[in-house]
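Order as written gives the chain letters A, B, C and D; numbering starts at 1 within each chain.
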């Protein structure tokens, strides 16, 4: 542990994560999820959940309004496309900055309260943003229909450079299909790296300390408000980044991505995967998006084909029963999964992984307390 | 202008009463058990569907198929005879007419059982768990409940009738000596308002003046000590949860004529209930009532054209704006106690 | 665990369990380029062709979604020569043969759009990228339709819109790859105006409650224009939030506003709720300006009417289609749908079914799945027999020009489905309008190089 | 009164809704001394401590530390000035390891009330870590440094909290009943520990019930009763004061 840059465990985790993300097109194949659009969404919502975890998992503030920053990021990115250029970089920068400023204002006010009162304040701000975006702010947001690109957009930078073309690019490289996926995957890996650094930094420890005991923090000489605000803004910027990425892979920004249910979704992702862990929220995001996109698409035709090997009568029964849980019944399965996970694995999926891991290694090593007690020198 | 404002005020009171009643069960569970119940909306929805079920039961019909005639879509025409009227005669007709209030008789036991089963089976394991986990499990439960309802009743709203004698509007202006026809208000909304007042008062009296209520309130303050006195507080908490479910369910039953229920109804009222409870102060019964009225009246006035002309979109956000202002000015809501739900 | 989908027999796929489930719905994405095939998105090369259904299976419009899905299933059966053939027998002119499309069996994949634009786009993308859908269809809101048709334009995949009533869909947001059979708010206004004038007279004062988003605004504008042309006065137009649930605070000011007609520019559950509550406010028992107070719901469907129950009796509105029309197309479709599902179809089901058939027919006439050719075949296509009389798929904006129904809530329904009566079939000529009034640009027909 | 008074509580009153919790409190603590405040339950000892650390604002009067007025400052500012506090029930970070519990105050001392240092790793803070390990060795918790603090025994938590204060090298250390609820053995260990740090020249104010502890540690004692200081002086003098016996020790001794 003498490298100051990164510890060995962190390095292994980071490398493992990187490989898993880059190899998605391979290992998602058998799950039917290995197509660019869904993998992009995995990356995007992974970032959203990673950022949310910095606030909720580390600092202990449960925000119910993070979708607002996600939405603001999307709108900012689309406006950057419309006004400046189709290049992704200005869109990302613009979105992150705007989302950060928005988070600064909302966080400054909301962090005056804690606990459920904080949650309701953030919820209120997000719902106000949503309602206004849907109606009164239509000139900026294009309301119900969502902000879209049109041929008449000025795109001043592109005009000046003589660039044409109507879809997002990265330095001239178009971002559809797999190019888009690797672009998102790259950003997810960077976002993960930053989250990992934050978690392992003195600043990250302060956030955990705030979650653990805020009173002690005060009597230890810390002004906790700026710490929590910094965490809030960082997670807001993560959300803005994710929102911008969604707008880059699919240039449209709709108001419903700011609704409270969208905020609730990221809460569920984080808890499902494992609050406070690094990998957990990302896993949670993947699972929920998988359900939403794949599980919901199993219709009776597919089920009949799947169970075609069964005798006819049995097949019908099996298909009838299964169809209650997939296709239009996918919400039911999702609800049951939430209940089961939280009852049997309170720490989310990551706790399940940890338990499996401990169970597998228990017989082998008895004195497993040793590795971390080794002096650092 | 006077009558417009007066009418809007009446409307605000009406909305406020409804909000307070809808949020009542949530604040009970918050206050006594310390559980953040995201399934509260689902309980409200289940109550509404008790009314739907009751109405379906009493309007059961004998169906005789007449194969000689075909409907335009090709199925044989069905001749239907209502059963209840056939059995019960005039009383059957009264039953059908008053199906919504009568379905309270179904809703109360059903919701009590639902509440008790929920608490015993799931919620009680979560008293000491973090709020985040309570949210996840109750949210999961809410989804499961609403999907079950969707599987049984479909997704389209199912209208419930207002009893014939209570249809239309009452001229309350004329009652207090104003020009007739100016201040009129739907009778059923007035009924709902009275119903809210009665239920809230009853719950309040129950907690304040009965031994049971005293024990529960003591249990809220210090669960262990009450346990040491040999009082089985767990059982009482179960009953409290059942009571909260009944209150939510009754609120749902009586609301059905105003809002034809569909399976999604619960989620639509969930956020509103939380805002009412938090603005009122977590776990405070009088707070929830005060917050209900405050939000109802302000929402009503914010929806007036004159106000909207001054502040565009104010009616879209007024509820949340009030929540923000109240929480910033009064940290624990209107009547919240210190230290509740702040961790 | 990588494998090529191409090399696997169906048997093996089934054995691989979960993987099989997913892969069977998928047609090959790696094209074998034949000399005969133009290069375009998801050119079907096997013996099946897949269409993508984007349906609201969850959320507030799940009932519409379920009904649409039934209709699509029926259309696919009929195209493949199963069942009674439905409207294939009555469509004129028709190139459909009942042996699939261009000899390929039609299959479909579904996606739950949740009535959210974002989700709908994700679903459409999945069906195009992964499942190889040649055409996307469905939806239950204009936001969805506009969002998905934008995406389809980029991807070079034809979109046959389902329920979408906003002027924008074939107006300022129209797209070369998007086609709408359903009517629009503007046509609602033109169709409803004369009937309202006839029933309620020329001297009326109207109060609008309008859903506060783009669809609501266009509808309010259209109805205002139509009623003011009759000589009505608009007292007030108040915007209400989407999903308000309780509209009482917007209804109280109506009472003493001096208006004698309330127009509810709401859709779906908002309409069900606002209508129910308006009736409870005693508005219809009221006298104002010496006349009986009336309520109008410009867009109404039988599902909404069912939701509003008794309250819809005697209320005027417009519909795209209704099952109790008596033309051969309607009779055939109602019978066919009723035989399969035991209930008459809704207008959502009808438009979904018709769109599928029209697409298939256009492909047959074009002799290829190549979208620019199919688009050409659809543009300016004149047909009849689908339940709306003689119809034109207008080339300028891809809007179907056909008759529009003015309907009225049935006072004495004979069954739970018999909730609306057709008052008047407003002929196509009357609801015609100049496509340029809404602006917009269709864009190019050449498929994008992506996908 | 000598010139090296470091903490001066000047004429402090505190009313709670008309109830006089503290009246006319005048107290001077000299640099390097251990000053004990004793008194019966409800005498106002904890209120006084809370006024000193900024948790409560006095109704009148001021607290002056080394020439600076503390009144009106927030707890974290008061800590940054150099005042640390041990609580009656240990306030620690139960979810973090013992080592991190002790490193956090050290970082506060070094970095001030807020610093956005998120690009360093904790492992690279070797100096801070060394310091923390030394302190933990001092209080006898070095072996337990990787355990989560929440899992420590009550006595160990208290010692860890003391270590958390000591690592900041505060100029004034406030101890609120540091041995309450401890066994005789643990109490003695703690007394030894406190004696050991006495030699470091830190000023201490102790609130304590246990006379054994008070007379083992205190240089001066103030006796609080009914919100007023009724006696003050050297331990022996206080021990002999009849008013103190009456008010506090009662007839028992």
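One rule holds for everything that comes next: a residue touches a chain if its C-beta (ideal position, glycine included) is under 8 Å from a C-beta of that chain, and two chains touch if they have at least 3 such contacts.
Nothing here was measured: the structure is a model prediction, and the numbers come from that model.
Contact tally for A-C versus A-D: the pair with more C-beta pairs in contact is A-C. Central chain (C-alpha centroid nearest the global protein C-alpha centroid): A. Between chain C and chain D the centroid-to-centroid distance comes to 74 Å (mean Cα coordinates, whole Å).
A straight line joining the Cα centres of chain A and chain C is 34 Å long.
Chain A and chain D have CA centres that are 45 Å apart. The geometric centre of chain B is 35 Å away from that of chain C, both derived from CA atoms. Among the residues of chain C, those in touch with two or more other chains are 62, 65-66, 212, 239, 241.
The set of chain B residues touching two or more other chains comprises 316.
In chain D, no residue touches two or more other chains.
Touching pairs of chains, sorted by label, consist of A-B, A-C, A-D, B-C.
Contact residues on chain C toward chain A in their complex (touch as defined above): 1-3, 14, 16, 18-26, 57-58, 62, 65-66, 69, 107-112, 116-119, 121-123, 125-126, 129-130, 141-143, 146-147, 150-151, 154, 166, 168, 173, 212-215, 239, 241-242, 441, 443, 450-451. Considering their complex, residues 59-63, 65-66, 212, 236, 238-241, 243, 245-246, 248-250, 252-253, 255-256, 269, 272-273, 276-277, 280-282, 285-286, 303, 306-311, 323-324, 331, 334-335, 337-339, 342-345, 415, 417 of chain C touch chain B.
The touching residues of chain A, when paired with chain D in their complex, are 1, 4-7, 10, 197-198, 200-206, 208-209, 211-213, 215-224, 226-227, 230, 369, 372-373, 376.
Residue ranges on chain D touching chain A, taken from their complex, read 53, 74-76, 79-80, 84-85, 87, 91-96, 100, 103-105, 107-109, 111-126, 129, 145-146, 164, 168.
The part of chain A that touches chain B in the complex is made up of residues 56, 62, 109, 112-117, 120-121, 123-125, 127-128, 131-132, 134-137, 260-261, 264, 267-268, 271-272, 275, 324, 329, 331-332, 334-339, 341-343, 346.
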